[in-house]
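Letters A, B, C and D mark the chains in the order given here, with residues in each chain numbered from 1 onward.
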Amino acid sequence: MASLELKGVRKAFGSTPVLDDVSLTLESREFIAFLGPSGSGKSTLLRIIAGLETADAGEVWLEGRRIDRLPPGDRGVAMVFQHYALYPHMSVRENMAFGLKNARVSKDEIERRIADAAAVLEIDPLLERKPGQLSGGQRQRVAIGRALVKEPKLFLLDEPLSNLDAALRLRTRVELAQLKQRVDAAVIMVTHDQAEAMTLADRVIVMNDRRIQQVGPPMEIYTRPANTFVAQFVGSPAMTLSPASLVQGEGEFAALTLGDGTLVETRVPRTSLPAGELRIGLRPEAVRVARSGAKAKVELVERLGERTLIYARLADGQPITAEDSGNSRVRIGDEVSLKIEGASAHVFDAEGAGYHRAES
Amino acid sequence: MRPIAAALAALLALGSCARSDDKTHIYLQRFFGECGAEYGGSIDVSKAEGECGIITTLVDRFNAENPDVHVDVNVIAWPGYPQLTAQMAARDPPDLVTMHEGVISDYASKGLVEPVDSYLRAAGISPADFTDAARQGVTMYGHVYGLPWDTHGGLFHVNTALFAKAGLMRGGKPVLPNTWDELFAQARQFEQRTGKPYLIQSNVGDTAYAARNLYTYMMARGAVIFPDPKHIRLNTPIGVEVATYFRRINAEKLGTQNMDTPAAIAAFVNGEGGIYPTGTWMIGSFEAEAETPGRPLYKSYAVFPYPRLWGEHVEYVSGHSWVVPARKRTAQQRAAIARFFKFMAAHNYDWARTGHIPAFKAVLKDPRFKALPHRDDIAPLAEIGRPLPSYVLRQNAIEGIVGEEAVAAFTGQKTIPQALASAERRVDVLLAQVD
Amino acid sequence: MARGRLTPLGWALLVIGAAIMLAPLVWTLLLSLKNNAALVGHSEAALHGPYTLENYAAIFGNSLTTRWLLNSIIVSLGTTAGVLVITSLAGYGFARLDFPFRRTLFVIVLLGLAVPSQAVILPQHQLFAWLHLHNSYPGLMLPGLVAPFGVFFMTTYMRGIPIELDEAAMLDGASRWTIFWRVILPLTIPAQSTLAVFTFLGSWNDYWWPLISATRSDMYTLTVGLAAAQMNYAQTSGLGYLMAQAVFASIPIFIVYIVFQKQIVRAMAGTNVR
Amino acid sequence: MSGTRDWRGLLFVAPFVLLYGLILVFPLLRGLWLSLNQVDLFGAGHFVGAANYARLARDPIFAASLMNTFEVTLMIVPVLTVLALALALALNRATKGAAIFRGIFFSSAVLSVTIVTLIWRFVLAPDAGLLGDLWTALGWTPLPFLSDAHLALPALALTTVWWSMGFPMLLFLAGLQQVPEDMYEAAALDNASRWTTLWRITVPALRRTIVLVVMLQTAAQLQMFGQSQLLTAGGPSGASRTAVLFLFETAFAQWQLGYASAAAEVLFLIILAVTVTQYWATGRATAQGK
């Protein structure tokens, strides 16, 4: 039975539309990531599900029950806020018990749930402290604990890691992953960090410009981006897009020539491509510095330790990002030759729709 | 928050507990000062001194002698009319109020005070018992509107020891001037011989002092101060002449300058001046000083009405009275008020011990009153005393304005015509408002 | 904090200033400890010689001063509690809730800040006369309960509280009232103390309104009572007793001040609303 | 908050709005109506339109009371602001001594107007006052503060400054906490003198608090009543009668409620005008100052 269903959700603040006819279905116990730049409407969608915003149109269903008419407290939903929103004047225990008291849960049941959640999140010693006396990470775990004790049907996480420093972020990612196993409910996480989405989510929903761009497991989003936006938003550094023209011919796969004439033989079926202008999409790992290949002038070198990223310009001025080994000797201004691995190329039509190699 | 709300509820309950006892409560509002500290417990009227002491013990004695009635006293600052007005506007006036006879018409004309004929009858008092001045002061619109309590006016309280030193005593009596020139001559002689000021003046914060002087010496020359109920005439040749004389007194430093009433009382009591022209109400206190050995006034105090300096020998006087503000009252309260009138009428002699002229003829003839010191010296006040015409309303507010401008004229803060004209204008505007 | 040492001249001026501040208070205390008769005409006698507590005994004996003190306490505490309750509720309404006419009402409230009490005190007196509220505790408290500044201050302060807390509480199933009572209110304690200090002192020092509303001496507040005593002084030269009344009246507020000095200072800091 | 436009929100503001309407808005309008009537305190009266205002314009006593009010405000506000700022600067340190001095200078602020006037009556009175005794002890003749036309207003000003020192000082102290520490360090690095630091950093940073203090004190002193009524009873001969005392006397001594209400409206407009111009003038100054 589906966990969460959104049907034609639409929302506008005054005259500026924020969500355009969003529909979605989640399986039970699924970990979903809403991924998109700020202002893409992902947070608003989350708040509509939580009941903190009312949609202008559309319906929200949770486990077969329509909840978009209900007040936030009665939706069986729990949310972890970006800035934790812990009640500063209440101890950690009181923070966790507050929701249960309002729901008239019996005293010992409250004690039991708090004890369990505290054990899981290792925040037992913190129970009598005030939020002000806790570190960022500890507050994060208390916020999660407050949601956990309510045993909700749906877990909402609003940019849970954005407030943490880099080291803590990685450790918390692990905890969130464990949370996924332990919680008998679907989880929706809103984030603008694509790495976070890729590592934690069962499915990623990429949102932009008030609309869902693509829904799919992380690897599909990465390898088969539905359009140029998804292609460039996911993956760092962004995929290079450069105009290319189709080489006439009968081969099963399409071959395209770049602006500077370099020929790229892709694995994308020729027949699937429409007419009109095309653009070829190359991730940095698909373009390697080699002894021969397309000539390019190096503009910037980024040494990342295990690999080096080369930002260069092809003969016709088109920018391209290539990869080289960690100890690469390439310097700004050098002339390099780039070998393009056609098999992992992507092709995009004029409207930005993506065409990829056939299912392997 | 919860504790604060609980505290609020408790406080409200505590504060509003009404006095629940079986006594009939009547609410008396008076001036004359608050001296609970000195006379709080005592009901021995004969031992009390001064207005405050006597009135406090009198009321306490009434409460003692009438267990079924209790008079709650509210002492207000003299003269208390702003408060009384506020109470009447709030439809919650007291049951009995001390009021100057000149002011009764203000409230009577608006029906704010009741005629007291029924109370007098119940108390067995007839208007004929009052002295002429007293009866005239409380009778208007065909009714009696108050129980007269005294007639009072200005007096020259004299330090006879200093007068002797200044060679101004003859036959055991101080020599007082009969003309303005004599006044200035005697004043200069006094100051040369004693080195102290001839006159002690309370011209700060005591508008009654200056108004009394102006009214008295204009009346002496027969000046008509209020030609009709809507106008006052002060900026007349006579008015200017009176003010000029008082201006000269201050200019030639024949009188103290910057004293309010307490300072003036203290100065006279400490023998720092010849004459203190204040009212009848101070005779009791000064006499007590005169009988205490070691005090500067010991055996050297005399008192006389304002001397005749020109024209007819008359003096502006007023009178205190008890009035009954109009409101719904129970029969017991009415009876209690009547009993209070009866009690006070019976004790008018005690009140006369303050120095005031009694309001009842019987007391005037009472040998005990006659035996009181200085009474024969001040007896003429009963004949020469003149209140302002009864058709003049707002006499208290007018006295405030006239006094303020008169002091400005006497002390030179304003020129005399400017001050008197300003007084005229302000009083006329005030009277024009009275509909 | 400090910008360099204070120059010796600076210290001298400070000490002189402190002397000027304290001299009148000490002078009043000395006068209050003297016998009335000794002071008539010789107030300098207060600087030496026998001191006595007779004036204070007289106050407890049979004067109304203790009653006036009780009245002042009841009125000031009542007004302060009332203002805190009303302005917190209104503040929450304006800061957090959306209801018809919210914006217009708030503007009207702000206009109230510009109305000095003189502009309304006479008609208020008439209104309270019709309602028979004079000479009563509610009558003395009500004008003080209307505190537009309080509402403005509470609203601004509550707007400073992060909105996520309300949302978290909603998700915790809390009703609008529970959010106000259990979440927002406890977080406004600093603002409440600031407002309490202002309101209490404002009510304690109010003179105009009690003067024309409390016209019975058993309903006087301290300010009116001492005004009457001060004016009555002209007829009873009890200078020592009068000063004793002044000292007696100021002791409680001084104690409150010394006890709550830190809060008052912190409260003042709180008023620097941006 | 989400757009839950519903009536329950009104329940929260209802208590305040009802009280506000009954006890502030209604009397404000009623006062306006009264000012157009010739009516006494007991309700009898008739409509006279702008007659009261016309009379006010020609009433020298009202004009004098307004002049007194402006004069005393001009005597108090500048002195008070400078003294309070100086005190705040001097006592803006964490030492025990500073705390004691702060306590002393704030102590008078807790007293009520009647106690202050009671105390200062026996400081200023030439015969029984502290200053009087001091002067006589030094062989000078005491100054008649309470009874001399030229000294009455300064007496009110002196008493009020002594009384109102506390709050502005604390406001400035609070303002000083907001001055960012690094500005002073920067000034120290440029070895700015104590004086330039004061004028170029501290005062500009406190501009907003100075505006607040000046506005609050001006509005308060324009409404002075207790000091004038109790210390000098508006005397001698009206030399220290303030506008509000004029209001009280006109209403309760002379029973002219309509005329007093008109005076109240005029006073209200004056205070409003003064406060608004102050806010606007300094508002513009702060804008340019940025």
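Some notes on this structure:
Just so it is clear, contacts are C-beta pairs under 8 Å (C-beta built on N, C-alpha and C of every residue); 3 or more make two chains touch, one makes a residue touch a chain.
No experiment lies behind these values; they were computed from the predicted model shown.
Path length between subunit A and subunit C in the touching-chain graph (shortest route): 1.
When each chain is reduced to the mean of its CA atoms, the one lying nearest the mean of all protein CA atoms is C.
Between subunit C and subunit D, the centres computed from C-alpha atoms are 16 Å apart. Subunit B and subunit C, compared by their mean Cα positions, are separated by 38 Å. For the pair subunit A and subunit D, the distance between C-alpha centroids works out to 61 Å. In subunit A, the residues touching two or more other chains are 52.
Shown for subunit B are the residues in touch with two or more other chains, namely 82, 86, 89, 205, 260, 262, 266-267. In subunit D, the residues that touch at least two other chains are 3, 41, 127-128, 248, 252. By the touch criterion given at the top, residues 81-82, 85-86, 88-89, 110, 112, 203-205, 257-260, 262-263, 266-267, 394, 396-397, 400, 404-405, 407-408, 411, 413-414, 419, 422, 426, 429-430, 433, 435 of subunit B touch subunit D in their complex.
Remark: subunit A residues 50-52, 71-74, 77-79, 81-83, 85-89, 98-99, 102-103, 146, 150 touch subunit C in the complex.
Touching subunit C in their complex are the following residues of subunit B: 1, 4-5, 7-8, 11-12, 14-16, 27, 31-38, 40-41, 50-52, 72-78, 82-84, 86-87, 89-92, 205-206, 260-262, 265-267, 269-270. Partner subunit B is touched in their complex by these residues of subunit D: 38, 40-42, 44-46, 55, 59-61, 125-128, 144, 146-149, 232-233, 235-239, 248-249, 252-256, 259. Of all residues in subunit C, only 162, 164-165, 167-175, 178, 182-183, 186-187 touch subunit A in the complex they form.
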